[in-house]
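The next part holds the structures, each set out as structure tokens.
Both complexes below contain subunit A, partnered by subunit B and then by subunit C.
Moving on, here comes the complex of A and B:
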């Protein structure tokens, strides 16, 4: 199981590393969104500072839909899904492997985004521990929900448009929770960020379990 | 390629496909609903007294509360139908899940619209982000619209499986959506349950209960019709396939005769 997970995750990451999509397209896109928010809010420093956490996570949500699309596209082209099944890899392992690959890419983007909000929005980080834990825990939840929905829409017509419709409402608790936790980490609003981290962890656990259970059915029947 | 399963084959023990979506019983039920709607409208506008604080706006609860209740009933039915499809591969339950989702989205939309209209005179705003039930209901609405859009992308067994998993994901994530919104502002404008707080006048309460009963009957009536449409659609699809196979076979036979005639 563990070996399978490593194989799938390494395969996806290797494809990403070689195609350089994350570095050459996704990261610039994320930076672009940050700049666009600056324009939309009229480069108003106080407004940007208060809204930083929310803008950060909205950007992550956009990037997540792109990352999941990519992750799905890898399996749909050349009938790779069938090949994965025929290779006798445990579906749950495929799910966790793909989840890890998406999460690693998202974390990389988040790293750049943190630097972006510090430079562009003048954000000051007060609690690195909370910031990093929020990124890791929220990202696992996003990648879990994203991977299972990605597999779900893989065979659907117009999957590029269906995926965000399905994924974004389900990620609503992550957006709320991660934004609040970030508010605490950046010291912009006095809230208990660690309590929100608990909610994010709950979301992550539920969606990892759900995904691991549903992935086999999705892989074999759709 | 997956071959569509005929409903009878997949779900033995069910009744044969109905020839139309109407029957004497549904017509009777429909008439009862119509009479009930007229009664609720008359009682709601002329019978029930206006509220001390909410004035005439209180009359909105005769539509709003029943719609909200039926939304939950409908989506719970969808979740149950999704489980039964994944577990038993029951076509019957799959059609029930799809039907309930469609009707549930309608009720959910009605709940949001009537709630907003009621909120304007009562809370002085159409929408309040701090209200847990409001925001949770909107997210539920959006998730179920996604469910229906996946349903509209196909009508085979794979689509049923996809939709069932979305139904389950929605059901499982809903409590956490609710919890997150609750913590988010930690306040609510929403009044406590209208039915149990005991402040309602007798006739208002009667009209509200009547509204719930009528809406419940309407839901049943709509479900029966929608289910029958779903069933007929499935029959049509499997019928089409059988006809196509028969036509192809007949073609092959003619070709065969022609070829044997030409060679002799």
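Moving on, here comes the complex of A and C:
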């Protein structure tokens, strides 16, 4: 199982590295969104400072949609999904492997976005531990939900438009929890960020467990 | 019941027949459409079965069913001794399916693709080199991204991925499509060699001029059922059986 997870994750990451989509398209897109939010709210600096956490995570949600689309397309474009079934790779291992690959890409983007909010929004980080923990835990939850939904819509003709419609509402709890935890990490709002982090962790665990259980059914052909 | 002509020697020396594929009244749905409508078929070891029929007859669906990718809706279905209603996963590891898709990753090289599928299938990575050689892929292509290859070269890599797996049951859907003359000859040789090595081959093809003499048996599928079954001109691996 671990070998299969490593195999799938390494394959997806190698493909992303080769295609350079994350570096040449996704990160610039995320930066653009951050800049445009800045343009839209810069006239009201206090609002921008208060909204920094929310803007950060809304941007991550957009990026997550792109990353999951890519991750799904890797398996569907030339029938590799079927070949994975024939190879006998454990569906749960495929799920976790793809989750890890998406999460690594998102964390890379989040690293750039953190630098972006510090530079563009003049954000001050008061708790690095909470910030990093929130990024890691929320990203796992996002990647897990995204990977499951990516498999769910893989056979749908208009999956590029269906995926965001399904994914974004499901990620609403992550958006709320991660934003609150970030508020505490940035010191912009007085909330207990660690409590929100606990909620995020619960969401992440549920998504990972449900995903591992459901992925086999989703991979099967009908 | 459509029956095979092949026999296999039992361990005790007695002659017994062991079907590799046994379908009886099998119905398989694609969505709500019965792509296979009560098909009866038995295929023995080392046979090379040509599956012919018009477009939409159910040829590809039959191969997918035999690969364990589709669940039979009704009827009895066994492949390699496994009941397809409950043990499809066990079947999958022992079959090699070449479909219309090549199941290759465009951004990985030829060697990386084949290594990935070897590891995923839990077969020896050492088989990659010989498989590449067997398919006549020149060394200058080994490290080229598959997305940069021609359709025929991709098809050869996809065939190499099947060879690496050393399947017991080869399921080839239009295996000659997109290949040049040399590639087509190579496919014929691979099929013959597979049968001589003890595997069973089912191939769906419209290229009857090539496959009629290659196959040991011809079946025609129409409307999701087998409408004719006759011996072919090939010997397959049957002549190896004592």
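For this structure, a couple of remarks:
The rule is short, and it goes like this: the second predicted complex is superposed on the first by the 218 of 222 C-alpha atoms of A that agree within 3 Å, B and C clash if a C-alpha of one lies under 4 Å from a C-alpha of the other, contacts with A are read in each partner's own complex, and residues count from 1 in each chain.
Convention: a residue touches a chain if its C-beta (ideal position, glycine included) is under 8 Å from a C-beta of that chain, and two chains touch if they have at least 3 such contacts.
Note that the coordinates shown come from a computational prediction; the quantities given were computed from them, not determined experimentally.
Residue contacts after overlaying the shared chain place A:152 against subunit B, while subunit C stays out of touching range. More residues of subunit A lie in touch with B than with the remaining chain of the pair subunit B and subunit C.
By the touch criterion defined above, A:217 reaches subunit B but does not reach subunit C.
Using the contact criterion defined above for the overlaid structures, shared-chain residue A:206 touches subunit B, although it does not reach subunit C. After overlaying the two complexes on the shared chain, residue contacts for A:87 are found with subunit C alone; subunit B is out of touch. After overlaying the two complexes on the shared chain, residue contacts for A:46 are found with neither subunit B nor subunit C. In the superposed model, A:162 makes contact with subunit B only, not with subunit C. Contacts of subunit A with subunit B, set against its contacts with subunit C after fitting on chain A, overlap at residues 221-222. Of all residues in subunit C, those touching subunit A in their complex are 31, 64, 67-70, 89, 92-93, 95-97, 99-108, 112, 116-117, 119-122, 145, 161.
Touching subunit A in their complex are the following residues of subunit B: 86, 139, 142-143, 145-146, 149-150, 153-154, 157-158, 161-162, 165-166, 168-170, 172-173, 176-177, 179-181, 183-184. Those residues of subunit A that touch subunit B in the complex are listed here as 145, 148-149, 152-153, 155-158, 162, 165-166, 168-170, 172-173, 176-177, 180, 195-196, 199, 202-203, 206-207, 210, 214, 217-218, 221-222.
In the complex of the two chains, the subunit A residues touching subunit C come out as 3-4, 7, 11, 14-15, 18-19, 74, 77-80, 82-89, 221-222.
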